[in-house]
Amino acid sequence: LCPAGVLPLCRRPPAWDRAARPPPGLPLAPCRAFSDNKIQVELDESSGVAMMKFKSPPVNSLSLEFLTEFSIGLEKLENNRACRGVIITSAVPKIFSSGLDITEMCGKSMEHYAEFWRAVQELWLRLYGSNMVTVAAVNGSSPAGGCLVALSCDYRIMAENPKFSIGLNEAQLGIVAPFWFKDTFVNVVGHRTAERSLQLGSLHPAPEAHRLGLVDELVPEEKLMEKAAAVMAQWLALPDHARQLTKTMMRKSVLDRLVAHREEDIKNFITFISKESIQKSLRMYMEMLKKRKS
Amino acid sequence: LCPAGVLPLCRRPPAWDRAARPPPGLPLAPCRAFSDNKIQVELDESSGVAMMKFKSPPVNSLSLEFLTEFSIGLEKLENNRACRGVIITSAVPKIFSSGLDITEMCGKSMEHYAEFWRAVQELWLRLYGSNMVTVAAVNGSSPAGGCLVALSCDYRIMAENPKFSIGLNEAQLGIVAPFWFKDTFVNVVGHRTAERSLQLGSLHPAPEAHRLGLVDELVPEEKLMEKAAAVMAQWLALPDHARQLTKTMMRKSVLDRLVAHREEDIKNFITFISKESIQKSLRMYMEMLKKRKS
Amino acid sequence: LCPAGVLPLCRRPPAWDRAARPPPGLPLAPCRAFSDNKIQVELDESSGVAMMKFKSPPVNSLSLEFLTEFSIGLEKLENNRACRGVIITSAVPKIFSSGLDITEMCGKSMEHYAEFWRAVQELWLRLYGSNMVTVAAVNGSSPAGGCLVALSCDYRIMAENPKFSIGLNEAQLGIVAPFWFKDTFVNVVGHRTAERSLQLGSLHPAPEAHRLGLVDELVPEEKLMEKAAAVMAQWLALPDHARQLTKTMMRKSVLDRLVAHREEDIKNFITFISKESIQKSLRMYMEMLKKRKS
């Protein structure tokens, strides 16, 4: 059912990327496996499936460095004709990703806040707009930005451990998820569930996350990678070109909204995050985290 | 988890209100309890939670007088720093609110229709756009405008009595719910459920309303107020500022739509309601209600 | 509850139709039953309900001829004051409709592609925007365009046979459902279900289709027509005028989107379908179908 004839057409960068950037300067050299500091990437050329494993203990925080490595890793795979899909998971026990690194948002310069926020946007634009099939194998808790990473994939499988939770809990910290986090969330769970969950800053235990549609499937943790591979094979059975155009059709309006308001969104973030009241609450939150650890 | 630092920022009027009105002339004097004709309002300053109880027998119709009192009551609470949330319920047995008062729409002048419709809009703009946490404790049937009041809150708890029903049943009367009733409904139950329910003018018994997501929770009637207080406490555990900004983000586009088309919407209402065919069907409906009573 | 006073107002053509076309030239002569080649139409004037039965073996393909007859049939009923609702079903065992006729899209001229696509658009605009109550009695499989026909009705009842499946499976053929197929689908099942189902080109067995909300109800095949009549009676109990205005309110933005981009959509279709890679995959698909038959 998948005519080979359509395959050669399929690996183009997404529309927002083509419009917004100069011709890619990155080498298109064949990459089989590359591992930098924070994310381990392995590509199985026989299946066309890459694995991205977060390995930035203790909690896979999305620091500026992590985000940059994540974006570059995705771009390399996107430009690699041998790669058609990517499975995203964690090498750190019990945690998928704890989300945006609060230390990047606390006591830093305006320039730093701008650079950091641009990196968060960049990662989301790449991941939500990826031409590859993207499967999140959520093998641990995944609050805030970690949840966004999962929400931006095509499919979410979570370990059925009720101790693992997932959600956009920004409101709990006294901060607000930006509109494109919200748009991504609404596209997955619908308006009502998103409204309630965002206002309460809910972290949903895995079974509840499944009930709400926040994740598509729960499996025992030891079956997670096997299941992710099976789901990936199912999605890769479709001709890439038609699947990609369909994905673009579904996600374009939400991607375009950020592209159109990117600089404004950065300014909003800087204004908000540099308020003394917000800085104070972030410092208190970090203190609390430190105490909890010790 | 709720840094006090963000609290002082939170009690601003919603954006539509700031833009559209002259500086508030209402007294900001501390109000603990005030009760006019149709709605009893009590504020518990220790918890920051107000209770609004509809007490306009026989059916808590939303007359011009009721709507005006409701809007002013909400505005007073909104401007009172001691108040962070409001629970809306009924003091009339078996009925939450029967919706818009049909006598206001029948055999009156164009000016009256305009004034009435503006009051309906005003109430919705205040309630759907409220910065307070709003919980509907639906302790009786709630058709049409009564359903809108519940839909405009942040959370809906309904007495699990299957004799109580709720829905936007305007189509049954030969009239049409305005677009912002529809938008509010779609935001709660999604497009498909709204389309079917609005076209059929369905009144959903409590269990069905719960299944459709029209209400969030069912409890035995005697537990309703206790549950409402518990839900309120859960929502108030969040820092107000972040919660309010999140709420605005979710509801702004729908609120803005009415603000942008307010006068047009009034004109449409007047044109529609003054049609002889509509007047005739409303008269017939009122006759039927009178006969049913006797 | 249905004041007769509003009935005389109700049978106007939908807004997109009034704007786009010259005054109707079609005869308004009373039609009771007419049957052309491919669709049998019977109107029961006592109930105001018409039955449209697809009888174009082997699989009720939506050929140019079929689509034209379908559109004209709908227009005749729409203009007939005696007709208030239509039930759409199939006279061919095991198949509702197999969707767009691939032979119309393969090896033909640009002019033919344009004419064909305009006919597909026309059918959808008429059906999704119909003022009549439309009920799909899906008594067999219904892929791609067949699914669109069902999705465009007000209510879908499907025979509960798990061998019958339904879905927008275009991606399986290497082609892409146009945006208005997608919009119609999203309005029924929501964004997430639509995104996943469209990307995978899923054909959902009846029970799964019901679980996803793609069809509203499953009944044993022998009860299908009885159930369809009962549902129709329920919808016709509402005053037409209010129901129609409500339907328009729910569907207008999606209808308007195609009306505004109709020519562009035709051009896109022609460009896409005349690509050699797409032609090749359609030829392969037809070969496969032929082999499967023999």
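We just call them A, B and C in the order they show up, numbering each chain from 1.
Please note the rule applied: contacts are C-beta pairs under 8 Å (C-beta built on N, C-alpha and C of every residue); 3 or more make two chains touch, one makes a residue touch a chain.
What you see is a predicted model, and the numbers here were worked out from it, not measured in a lab.
Because subunit A and subunit C share one sequence, their contact can be compared position by position; here under half of the interface residue numbers appear on both sides. Bringing subunit B onto subunit C by least-squares fit of CA atoms involves turning it by 120°, to the nearest 5. Separation between the centroids of subunit A and subunit C, computed from CA atoms only, is 38 Å. Residues of subunit B in contact with at least two other chains: 190. Residues 1-3, 5-6, 8-9, 154-155, 186-190, 213, 216, 234-235, 238-239, 241-243, 245-247, 249-251 of subunit B are the ones touching subunit A in the complex. For subunit B in complex with subunit C, the touching residues are 170-177, 179, 182, 190-192, 194-196, 198-201, 276-278, 280-281, 284-285, 288.
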